[in-house]
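Order of writing sets the labels: A, B, C and D. Residues in every chain begin at 1.
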Amino acid sequence: MNAAIRAAVHQAADRRLTTIGIKHGFQGLLERDFLELDLCSVDGIIQHGGTVLRSARCDCFLTAAGQDLGAANLKSEGIEGLVVIGGEGTFRGGAALAKRGIKVVGVPGTIDNDIPCTDTSIGFDTALNTVVDAMNKIRDTASAHERTFVVEVMGRASGHIALMAGLAGGAESILVPEIPFDLVDICERLQCGAERGKTHSIILVAEGVASAYTLGEEVKKRTGFDTRVIVLGHLQRGGAPSAFDRILASRMGARAVEALLAGERAGAATFAAGRIEMVPFSRLFAASKRLDQSLYDLAAVLAL
Amino acid sequence: MNAAIRAAVHQAADRRLTTIGIKHGFQGLLERDFLELDLCSVDGIIQHGGTVLRSARCDCFLTAAGQDLGAANLKSEGIEGLVVIGGEGTFRGGAALAKRGIKVVGVPGTIDNDIPCTDTSIGFDTALNTVVDAMNKIRDTASAHERTFVVEVMGRASGHIALMAGLAGGAESILVPEIPFDLVDICERLQCGAERGKTHSIILVAEGVASAYTLGEEVKKRTGFDTRVIVLGHLQRGGAPSAFDRILASRMGARAVEALLAGERAGAATFAAGRIEMVPFSRLFAASKRLDQSLYDLAAVLAL
Amino acid sequence: MNAAIRAAVHQAADRRLTTIGIKHGFQGLLERDFLELDLCSVDGIIQHGGTVLRSARCDCFLTAAGQDLGAANLKSEGIEGLVVIGGEGTFRGGAALAKRGIKVVGVPGTIDNDIPCTDTSIGFDTALNTVVDAMNKIRDTASAHERTFVVEVMGRASGHIALMAGLAGGAESILVPEIPFDLVDICERLQCGAERGKTHSIILVAEGVASAYTLGEEVKKRTGFDTRVIVLGHLQRGGAPSAFDRILASRMGARAVEALLAGERAGAATFAAGRIEMVPFSRLFAASKRLDQSLYDLAAVLAL
Amino acid sequence: MNAAIRAAVHQAADRRLTTIGIKHGFQGLLERDFLELDLCSVDGIIQHGGTVLRSARCDCFLTAAGQDLGAANLKSEGIEGLVVIGGEGTFRGGAALAKRGIKVVGVPGTIDNDIPCTDTSIGFDTALNTVVDAMNKIRDTASAHERTFVVEVMGRASGHIALMAGLAGGAESILVPEIPFDLVDICERLQCGAERGKTHSIILVAEGVASAYTLGEEVKKRTGFDTRVIVLGHLQRGGAPSAFDRILASRMGARAVEALLAGERAGAATFAAGRIEMVPFSRLFAASKRLDQSLYDLAAVLAL
């Protein structure tokens, strides 16, 4: 997300605007945790993961009173336009401020890639590379034993990481919350693969589907294969951002400032069909994000 | 490219087709260097760089006689459709075979990303990540001295790597073959940055523009800054493929087989506007690939 | 381990000896799964994790009958000296063959680093780097919340990975099987750190100590901090070997062949005090490997 | 080096001492660029390359007047002991202060690993891993052509990086300043390798030996092989520090503080025979660092 912050600050500076950063997200907005961001403040932040402004959950901002205070703080500080980076929750917070007269543009930043109307969000590509790198390391240790690895990745309600990482890493099975799975079928495939000479298989499971441990136990019981569990957890949130994510974030951050200058009142800078497009929050909230069934089918073919 | 080979083999197996691999590209075609590729042959190749089939230049195939022999070899082997992976030269070879009655589909694979009609080619994202990783390492050593690094990247005739890596890595200047540069302006920026407190700057130069050494000498003479040169060369061709490249390659490889089955005679599986699309070779050869001027301008704003 | 195999083959070739590889370890020995290894067979294997010869468990070789057969197979194949790579179990197998008249040299290869008489084993440095890289990624996502990460690493009976990775990665607490831990003390430290402004803490736990999930629950109950679990599992066994491991493996592999030529009958090539030294199996089996208490104490000081 | 700073600060805090950091090395000492370092200031720095205190060359400190001022500044600030991190030049600066009554301990930190009396210096292992990673990437692109890569690494006067990285990465030839090389012999080996089926070779050359470009031209002229050049330059100075380097730095930094408390007046914390040992500056300056001939010979055997 640092790349998006940096791009917004540079784009604003190019237009002779002053940029104020708000630390700790909406919580910092309520506490007036402001700091001026000039070009120097964003030098050399592009290669770091996380965000220099830190993030925080803020239950207080979920109330109308909190949102009133937030809008008032922005106005009294003389802030004319707000860029918020985050997921749909963050955008809803932004929309609440927009209703109170603040111009708000959202930038999609969530590794889960569960925001509608955008093909991808900042952080998703980096997370995929982390999962795929882990899968490579696991494959390196292939032994003569038939062994099955169950790898649990992020995704409580969405299987985008599991599906795309599974496609990229060649997972033998991919379990996502959106599509029911059949354990009998999974175990049959494992046995098929073993008969064909595969020394190991990887089952990639989104955390929202099942515990990797429970799943591993069940697979072991049914196939007799030695089963091992890896839980990647927050590992997936960190790491130096990938080139793709930095370019995406830079483009979105710069576009957000452009959009504010062009009068955007409540919308998000999305990436669709290879371009950065503005989408009104209202349309975004009404849409839903689906897994690409054709990619799921492709993953099944590749897992033969 | 292994991911594309693997996907083509799996897609073909799913349709009960037999796949024959041709080693060493067109040279192997002339020498009938065929080997059957079944599912087992492509197990565990997805995480490796390069290609299991190896590649080779083949001057002989540039002649009509060579192309006649190639087509004859394919026919006598009973090969009904051919998937070629590579750049525009490879596609032209494929088109020559297509004229001789072979169904051919091209898959764009070149780190230079200089193939028209496709937003990106297999290998480009991986190369970008390698360059950006190098830029991170260079920035780590920032010292109190004003120091300028000149980093030479691939691109004899095209500046896609330089531009996109420069955008992602936050290069202070980006020199590409497509756009003339002004050394006076570059040196002024360096001095500006130094005055603002930047302890170091990176000039990213595509190899087709100028030698990094010559450029470094010139910058040193004009600014007095300590200037160091890094030449990444073939480093950019290797490395474990990124998640993005593997997914792209898997989709393109599978689509190439689909297209052959659907009767495609001479076209390429491209990636445009977020989708895999078939483009006839004739249209692709007539088109030209341009740098995205808006991204070049964005890079200039980010380099402020 | 590939680097050790490559070094042994090269060293042998330099002395005009023929090298035979045994696939799948002792199981392959019983099944006469031999293949000649010349210089070509080990070209380009040094950068890959795992081993080209594959490994396998072999219960049958634990019996005297199995060991008799193994020795007979070696003799009938004309193999005059054997290099075994692995942990103490592998060395005991080697010692059993030595008793049957085979010259055997062991090369320590286990990521657990639990082999006595050697400061480090092949694979340990690579595993450490994998764990430390994971810790970096976890730290990147530090948020304004007090958050505690419990990271489970390998080590059923030994805490070498946990201790050294904890030292390198700056873990706030390190739990190893060799030293009892006090949960009250751990929770107090976490609270101390939080009061000082630490936004997150990492508890590194060897798998032999406790389940990361149980531990995480307990910590959460006592401190109220948001606790997240990462289980690295077999991730730690893979990855491109580090420079240190390759140099160590190359030295040990070459030395093993030298030692056989010099008449060694039953010993291991160890790394102690910065040098490769031969240690008789008998001495190695009688010794025990301890955690370095001074490093454990240093880790505690660094975790202040 | 951050790990060494962090360890020194923690060790001092554990002994209830106050730590003052001096920014920009000796230059900062002359300019009284002091800042107090408490535990918080060194939280989360361990995973970053470079140094939080920045470094700088300081010609002024080479004079007696400069050294007098430096000692006076330390005394007036109430600093009772000084830890300096760097190469032999830094240690000589430290020794000059020691003569003026300041207790000084040196910590060896240079990627060249050219400091006598210590087996390795902080940063060397990280640099090796960077070079070896580059070599892996180069090997990935092996083609059917005979191709030779000339990789220039750091080392104006010392070949430690070239030798050890060449050993780890399996270089076909290693050129170091300490040992004369024979181009005829190198070209013969290349041709031998090609005849045996090697598709590519890597010549690793320390920058002090020859320009990679000149060498590449010469090799091409003699062998006819396609020759490509990579110049790694400052890439080798950056990157997240390896586990080995962090542990080494932590141990050395803590030991430096221990040594000052124990009354050390002018010595360095070295790593020899697997242990951290104090060596008086006088002995260190009188010694010289040699390449390990046995490792050079081993590299030649492995390059067969």
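The rule is simple: contacts are C-beta pairs under 8 Å (C-beta built on N, C-alpha and C of every residue); 3 or more make two chains touch, one makes a residue touch a chain.
Computed from a prediction, not measured in an experiment: that's the story for all the values here.
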item: Farthest-lying chain, centroid of Cα atoms versus that of chain D; value: A
item: Chain B and chain C, separation of their C-alpha mean positions in angstrom; value: 39
item: Distance from the mean Cα position of chain C to that of chain A, given in whole angstrom; value: 35
item: Geometric centre distance via CA averages, chain D-chain C, whole Å; value: 27
item: Where chain D touches two or more other chains at once, by residue number; value: 136, 139, 142
item: Arrangement of touching chains [line / ring / star / complete / other]; value: ring
item: Chain-chain contacts as defined at top; value: A-B, A-C, B-D, C-D
item: Residues of chain C touching chain D in the complex; value: 6-7, 10-11, 13-14, 39-40, 43-44, 46-47, 119, 125, 128-129, 131-133, 135-136, 139, 142, 164-165, 167-170, 196-198, 240, 242-244, 246-247, 250-251, 254, 272-275, 295, 298, 301-302, 304
item: Complex contacts: residues of chain B adjacent to chain D; value: 24, 27, 48-50, 54-57, 130, 134, 136-145, 149, 199, 228-239
